[in-house]
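Working notes, structure below.
Labels run A, B and C following the written order; every chain starts at residue 1.
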Amino acid sequence: MFSYYLELALRSLRRSPGLTALMILTIGFGVAASMTTWSVFRAVSGDPIPWKSSKLFVPQIDMWGPAGKGGNPADPHYGDPPNALDYADAVALMRDHRATLQSALYMISPSVVPQQAGKHPINAGGHAVYSEFFPMVDAPFKYGSGWSAADDARRAEIVVISDKLNNKVFGGGNSVSKTLDIEGRDYRVVGVLGDWHPEPMFYDVSNTGGFYMSGEDVLLPFNTAIAAGMPNEGSTNCNEDPKESGFVGLQHSSCIWISYMAQLDNATAVQHYRNYLDGFARQRYPQWAPNTRLRDLMSWLDYEHVVPSDTRVSLLVALGLLIVCLVNTAGLLLAKFLRRSGEIGVRRALGAPRAAIYAQFLTEAGMIGLAGGVLGLLLTGVGVASVGLVMPKDIASLARLDISLLLTTLTVAVIASLLAALYPTFRASRVQPAWQLKSN
Amino acid sequence: MTLHPILAALRRHKAGVVLIALQIALTLAIVCNAIFIIGSRVQRIQRPTGMDEKNLFMVTQLWVGAPTGDDKASIDKLDAMLRTDVQTLRSLPDVESAIAINSLPLTNSTWSGGIGLKPAQEHATAHAAHYFADEQTIHTLGLRLIAGRDFNAGDVHHMGVRGQNVPPIVIVTKALADKLFPGGNAVGKTIYIDRNTPSTIVGVVARMQVPSVDSWANDFTWNSVLIPTRLDGNFSRYAVRARPGRMDAAMKEARAALFAANPMRVIGDDADSSGVKSFADIRARAYRADLGMAILMGVICLILLAVTGAGIVGLTSFWVGQRHKQIGVRRALGARKIDILRYFQTENLLIAGGGAMLGVVLALGLNLLLMRHFAMARLPIGYVLAGVAAVLALGQGAVFLPARRASNVPPVVATRSV
Amino acid sequence: MLKMNHLSKVYRTEVVETYALRDFNIDVKEGEFVAVTGPSGSGKTTFLTIAGLLETFSGGEYYLDGIEVSNLNDNARSKIRNEKIGFIFQAFNLIPDLNVYDNIEVPLRYRGMKTAERKQRIMDALERVGLSSRARHYPAELSGGQQQRVAIARALAGSPRLLLADEPTGNLDTQMARGVLELIEDIHRGGATIVMVTHDPELAARAQRNVHIIDGQVVDLAEEPRFHAHAAEAAHEYR
């Protein structure tokens, strides 16, 4: 029976090519606009590490007290602790080591001097982290591995580099044990990362805003970087100016510049850690009531507004466009279906049950949806390719066409058409079995 | 012509009428807000920084193995390196002038802090961006000094990046001066930049934007203070004014000359993070998201209007086809072509008018939603009225073709049976 | 085959109730050929639409082939229309977008018939109405008489037990009308029950029995000319 409906649908669509084209274009454009903005939204609002994001937590501690309270009292998060840690707290948390895995980290931007003569030094982006960082974020290694807690303790001059930097400096291959000149010191390569670009960049949101175009070129042991006086890149936020100058002065100040992440495997561990944080704050800042937060990763990304509001507005407006396209298609389908009320009446008289009329017209709408979806796919392809022209590069580079987007586009197109066809089909099915083909 | 027959006909096509009116309403709501977004973004993009942006470029560089800057000796060493670089740039044939500066408008690298009128003031009177300047900054950037005096060479000190050496004099922007001293005449007044040390305002510049264009800086976009200090760190920025028409040459010379003076440095050379950037490039990058948003909204508006226009054409064509016979009868009974044309135009005006009324409500509702969740400004009523005019015009434009086809139905159709 | 007891049909508007049929009684036996006559607006067509399950009625009973149909749902009614009833309309009611073959195929499709059987039936029906060569033509390419023969073929192909015809020759000239009537009589000889609404006395005379409707009620047959009653009875006995 379905083949009969298909045949009827094709026949009907062919009969009014203008109207059919109009509906297909409408669906196509509507779906493409929303899918293009969706591709961007999906990229920036996605879970960067879905298999363990619920186990990763970001602690916040109020090290400034009431004097450091800023912002608007109407803000729901007014009075929250700052979004990063100062050096003393970060190091103390590391020393207590209460989570399964944890790492303090800060952004660095050292220069790397290639071995070959005549090549200018290059600027490398990266982070200073603790050994547990690698297993905690499941960083993939192409060669070698991270380092040990012992390396952390003895401030080993070792480095994990990206595949990109490996190609640039060493020409690729297994470079473990090779030596890399960073800021004039020699570091031994212990690992080369595989292809790793978590999006959004989740472990240092306060410095990257969630988007880190350059990616990690070098990852150094935290203590080693501090000992080498490798200053922090990115933001430094001070409630009071440091009393001493220089990077050492920064370490002795209450300025915040360090991110922190901890892995807690179950609810009990989370509860224990919360209690621990409160105790920690009470002990370190007895002048005011402990003010701490422990947000899981997705809440943290949301709290830090990783999804730019422009992206949300675009998605909202594009969805509005899709709705208009739906209403438009519904109007056209209504006209098209009711124009055939004579035919419907005859079919009903000849014994077509209501379900058959539903099937016939929904099949027709589904075909429009499918055709609109295919057109939508092409337009989405064009759209995704051109987001780079209209959106900030760091965000646009995340939007891409993949199988799931393809399937979503087709599904959305078909479902949208079926939705649009629902009322017109209902009206068509209500046409009474006819005694006369109306001739108006 | 009376409205009665039109209303009667519309009642017979209730669902179709409702759908097209709803579509017009939604279109109006979205287009109004989208155009408003475009308008405000374009306004943002076009605002001047206060500098003479032509022939201006910026160099960002990082020294390799530079002194730490933690002690006086190493700070002095860094300062010497900085001055050498500035001299190198100033001596280039295609360079008119050059300065070292911590940041420039639109570069997003913001140094900012509160400014008070009394020592140890609890809450700052104003928030402002800090530019570390020298006696040639106003000239090189093309700022306009409107009161007081410029710095002279003797005013300029130097300190490490994380130092706390607040100089006794500063220059502020007019916006900041007005905010701090609403009574006017800020020159000669004392302000506190670090809560403890007094600084005297010696000059006022007309306008200088802060580095950040992000929303967090919206409250103090024009509040800048020029501090006569060279900042010595492991990286530095230079603002360079090329001789007219010699921009490209100057940019090439600058890179080569700096490397020649000291090869142990990084000056980025990939397209995205180039260490030598024209200010036009900086401006384009800073407002890229705004431009993108404006373009995206524009594209969506175009699609919307096209879809709605096409929908009106489609539905009206259908109605014309359906009423073919009826139109013939009217013609036979003496209606002129223009009467038929008017009939469909009036019909569309009624539908679009109804849709527009609902659309105004939806537009304001959508604006409220955007205001609440996305920090959007209130939609000026002018945009709504323009939107109403636009959808009414769109309706009339779209209905014209099918209506004209209707008016061409010959009266003889009335006599045909089927 | 078709029996209505005290059947009524009311059309309600905001202001008035109009009885299209009132205390309507009729009994058509299996294999009968009944002509329904009456002036315009008497309720002939309403009767036929109810008989054909195209409309519901307001009160009374209606037995079709022994089944009381007033409680059947839409699906069951569709199934009966499809399998037991054939329609011939005054305006032919061919679907203009379908060619002759596809038009005839419509009821067979809804019966879920296999392609081969459909084809067999369609070709047989077309042969009976003498239009085998026109299978691929569209309705607009045929004369009125040919269109009506296609409509008859469409009814024939489903081998209906009951054929309902509404002024089947109303839009045709005499020559064509005769051909159509012969076809209907042919179907009757094949065993189908036929109910034909007409206001043409000549046509009505060809039926076995005449039923006259005035103001929504069947007028006593006794008042009809005896000739018709006799003819009807004779035909009945003959069978």
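By definition in this document, contacts are C-beta pairs under 8 Å (C-beta built on N, C-alpha and C of every residue); 3 or more make two chains touch, one makes a residue touch a chain.
None of these values were measured; they are calculated from a predicted model.
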Just to be sure I understand: going only through chains that touch, what's the smallest number of steps from chain B to chain C? 2
So which one's got more C-beta contacts, A-B or A-C? A-B
Of the chains shown, whose Cα centre falls closest to the middle of all protein Cα atoms? A
Averaged-CA centre spacing for the pair chain C and chain B, given as whole angstrom: 74
With chain centres defined as C-alpha means, what is the inter-centre distance between chain A and chain B in Å? 25
What is the distance in Å between the mean C-alpha positions of chain A and chain C? 67
Chain A touches at least 2 other chains through residues 439
Going by the contact rule set out above, which residues of chain A touch chain C in the complex? 1, 4, 11-12, 15, 342-343, 345-356, 432-437, 439
Hey, which residues of chain B end up touching chain A in the complex? 15-16, 19-20, 22-23, 26-27, 29-30, 33-34, 37, 62, 64-65, 68-71, 159-160, 162-164, 194, 234, 259, 263-269, 272-273, 288-289, 291-293, 295-297, 299-300, 303-304, 306-308, 310-311, 314-315, 318-319, 321-323, 325-326, 366, 370, 373-376, 417-418
Residues of chain C that touch chain A when the two form their complex: 45, 48-49, 52-55, 74-75, 78-83, 85, 87, 89-98, 106-107, 109-112, 154, 166
Chain B partner contacts - residues on chain A that touch it in the complex: 18-19, 22, 25-26, 29-30, 33, 37, 109, 111, 113, 120-123, 183-184, 213-214, 229, 231, 241-242, 245-250, 308-310, 312-314, 316-318, 320-321, 323-325, 327-328, 330-332, 334-336, 339, 387, 389-393, 423, 427, 439-440
